[in-house]
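Input: structures, listed below.
In the two assemblies presented below, chain A is common to both, partnered first by chain B and then by chain C.
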Partner chain A sequence: MIISNFDHKMAAHCESGTITSLLKYAGLDITEPLVFGISSGIFFGYFHKSKSFAFPTFIVRSRPGQMRKNIEKRLGLRFTSYTFNDPVKGMYTLDQLLSKNIPTACQVDFFYMDYVPSWEKVHINVHFMVAVGKEGDTYKISDSYFPTMVELNHSALEKGRFAGGSMSPKGFIFHTDKIPQTIDYQSAITKGIKKACFNMLKIPLPFIGIRGMRMFAKKIMEWPNLARDTEHLSHEIMKINILLEDQGTGGAGFRFMYATFLQQASEIIQKPQLKELSKQLMEIGDGWREISLFSARIGKNRDLGQDKLKQLSDMISDRAQVEEMFFNQLAKTIH
Partner chain B sequence: MSPPTDALKHDIKQLIMNTLGINDVDIKEIDDEKPLFGGDNALTLDSVDAIEIIMAIQRTYGIRISDQHLAREVVRSINSIAKFISDNQATLKN
Partner chain C sequence: MKEKDGFINCPEQQMILYVEKDDGKYGPMQTGSYISSNFLDDFFTKRKNLEKDLRDQLCLGKISPIQYYRILEDLTLSELSARVGIRKSKVKKHLDIKGFGDITAAELVKYALVFNVPVPNLLQVILVEINQEIESLITLENKTGNIFISQTGTANPYFVLTKIEEKKR
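Here is the complex of A and B:
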């Protein structure tokens, strides 16, 4: 049984793309940037070396699962979700939903998705895709990172859904349940932007939002002392590029996607100032892309002296400064 | 939309070579259709080079390739880059 009228589309990010696909199938005319923006997906957090992090890292989006919860709340819709301890029960429930023609989003470890080319395989426990049917032992999958629908056998899907390790999926699945007749986009967009501004400017923790960017800029100078050797340091510096550009961020650490959201929001809620801010954020994103390129270049060339790290630190400080101005202006505009 | 011209393809090759500081490849040897990454083209590039090219396209032609999935498709070959620039220039004019 394959749900034939499910419209497969590529997306910038797996979680926002999956939510968008499910909502579109349920009849809601919404775009991925709107889902991302309304759910306050934009974020920044820096995590220095600690018991939880073997080496410092950073995030540029809200934590996995938060987009779904926020979009539910702000659009007044409902998803039904399930987690399982027992893989057999987890697979059975998915099959039951598919037999009722319900496209179902699954959280999986990306590594076990056999349709992914071997050179792109990496263990990420928070990848999302949509199961849209099953024939025999094979599932039809809409994975927004791939241009067409793909297929996956039962065993691979089960391994992906019940992979162990940090943030293990525990068979998590969800599907749309209730979509309201009318949606108050004015309120949803306003609340989404206000929360994003709060997250970036007001959370009183030194490692979150703009404060987190400043901490990142300062602490990156200490990275050579935390790395095992030059190879390790080079690997970690090059990861900055991957985190900003290559992990479903839509480019420039989600800044381009949020800019597109602001552009679309300006038309929906008739606020032309948001369009201007969208242009500003695109330019801010270009600066993040410069950081991405610079990191990749010095990492690749093993050119990791203090002068280069200082240059990188200054570039990050500069983004903190322009984003602080940007989010303050955005907060005033939407107030 | 009209297909990309040979002049545009030549400019793209020149742009890539200048951006990446490549001076040991004869521009005439660069194949328009063969993959630029991991293939057997005269130019063989890596993922860092790809970001450099994306940014060079933005600076030179004023076209931002924001999405990484699209970026992968665009920088696949000289032909795909030329088509992307040509299509977007036509859109901008309209």
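Here is the complex of A and C:
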């Protein structure tokens, strides 16, 4: 049994893509950038030491799960969600929902998704995709990172849904429940932007927002001391490109998608200043893209001396400076 | 970024990029991954070298198979401990060969589940000679010329069927 009228579409990011496709199926015409922007998805955080990460890393989006909660609150809609201790019960509940033709979003560890090519496989417990049917032991999956629907067997899906560790999914699933008749986009967009500006500018932690970018710029100079060898350092430096471009960001660490949100928002709430700011952010994103390409190049060439790392550090510092100005301006515009 | 600058030919890894279209509107385009398109061979070389280095240490008894897979799968000690449900101090012991000797079969099953490998592969590395080079099956991705190796689990959690077959030409 497959939910035949579910429209599979690729999206930039798994969580915003999953939410967008569920909302569209439920009849709400909304774009991925609007979901991302209204839910204050844009973010920055640098983690130099962590129990969960084997090497320093950074994030460019809000905490997983936050987009769903924020969009629910700001658009006044409702998702029904479930977590489970018992995998058997968790898989049974999913099957029951599918048998009622309810497309259901699942949180999984990306590593166990058999349809993912080996070079993309990483243990990350916060991947989202939509189950849209089951035939025999095989689930039909709409994963927004893939051009067509994919298939996954019961065992792999169960492993992914019930992986342990940091941010363990605990079988988490959700589906749309209620979509309101009318939506106050003016309020939703305003709240979304205000919270994004707060996250980037005001959280008083040295590793979050603009402060986090500056910490990243400084600490990257220490990366050679933390790597096992040159190949390991090269791998970690090249991962900057992956984190900014390939891990579902829509390019430039979500900056291009947020620029698209601002352009769409300016038309919806009739605020032309947001359109001007969207242009600025597109240019800021081009700078992040340069960082991505530079990281890939020096990593590939093993050209990882202090001079090159300093160059990379300066490029990141420069982004911190322009983003600080940008988010201050955005905050003033929306106030 | 302009749409014309966004296209990358990489059918193996497609993605969505937000770009400026010709009419000045921003929107999504389907394109390929830059890094996979240009540097995938480099990734595989590094992975192959890392596997070889860890395998050498494994053969010399410097590390345990748990440490071998932990590093290959980029898991911290805390993360591995949380995933297998075995306390951190015990996992730490399992990382060296002396502590690995005390491991139970039930614990091996837990590790195998997390690493997504058959239990017997925690006690062996399958090597394949191809183009006069010896390489581990896990980095070869079944690019094994005219032979195909598959490992299938059974209802018995301690037992796996390893099948080696000649591909039909």
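Going forward, the second predicted complex is superposed on the first by the 327 of 335 C-alpha atoms of A that agree within 3 Å, B and C clash if a C-alpha of one lies under 4 Å from a C-alpha of the other, contacts with A are read in each partner's own complex, and residues count from 1 in each chain.
The criterion applied here is as follows: contacts are C-beta pairs under 8 Å (C-beta built on N, C-alpha and C of every residue); 3 or more make two chains touch, one makes a residue touch a chain.
Model, not experiment: these values are computed from the prediction.
With chain A as the common reference for superposition, the partners chain B and chain C occupy clashing space. Between chain B and chain C, it is C that contacts the larger number of residues in chain A.
Touch criterion not met for A:G41: it reaches neither chain B nor chain C.
Look at A:E32: by the touch rule set out above, it reaches chain C but stays clear of chain B. With both structures placed on the common chain, the touch criterion links A:A252 to chain B and to chain C.
Once the two complexes are overlaid on the shared chain, A:V122 sits against chain C while remaining clear of chain B.
Once the two complexes are laid over each other on the shared chain, residue contacts for A:Q263 go to chain C alone; chain B is not touched.
Applying the stated contact rule after C-alpha superposition, one finds that A:N241 touches each of chain B and chain C.
Applying the stated contact rule after C-alpha superposition, one finds that A:D286 touches each of chain B and chain C.
On chain A, the surface touched by chain B in one complex and the surface touched by chain C in the other have residues 10, 12, 145, 241, 245-246, 248, 250-252, 256-257, 260, 282, 285-286, 289, 292-293, 296, 300 in common. The touching residues of chain C, counted against chain A in their complex, run 1, 6, 12-20, 25-28, 30, 33-36, 38-40, 42-44, 46, 49-50, 73-76, 78-80, 82-85, 113-114, 116, 141. Interface residues of chain B facing chain A in the complex, by the touch rule stated above, are 46-48, 51-52, 54-55, 58, 64-69, 71.
On the chain A side of its complex with chain B, the touching residues are 10, 12, 145, 241, 245-246, 248-252, 256-257, 260, 282, 285-286, 289-290, 292-293, 296-297, 300.
If you check the complex, the residues on chain A that touch chain C are 10-12, 32-33, 50-55, 111-112, 117-120, 122-123, 144-147, 159, 163-166, 168, 231-232, 234-235, 238, 241-242, 245-246, 248, 250-252, 256-257, 259-260, 263, 278, 282, 285-286, 289, 292-293, 296, 299-300.
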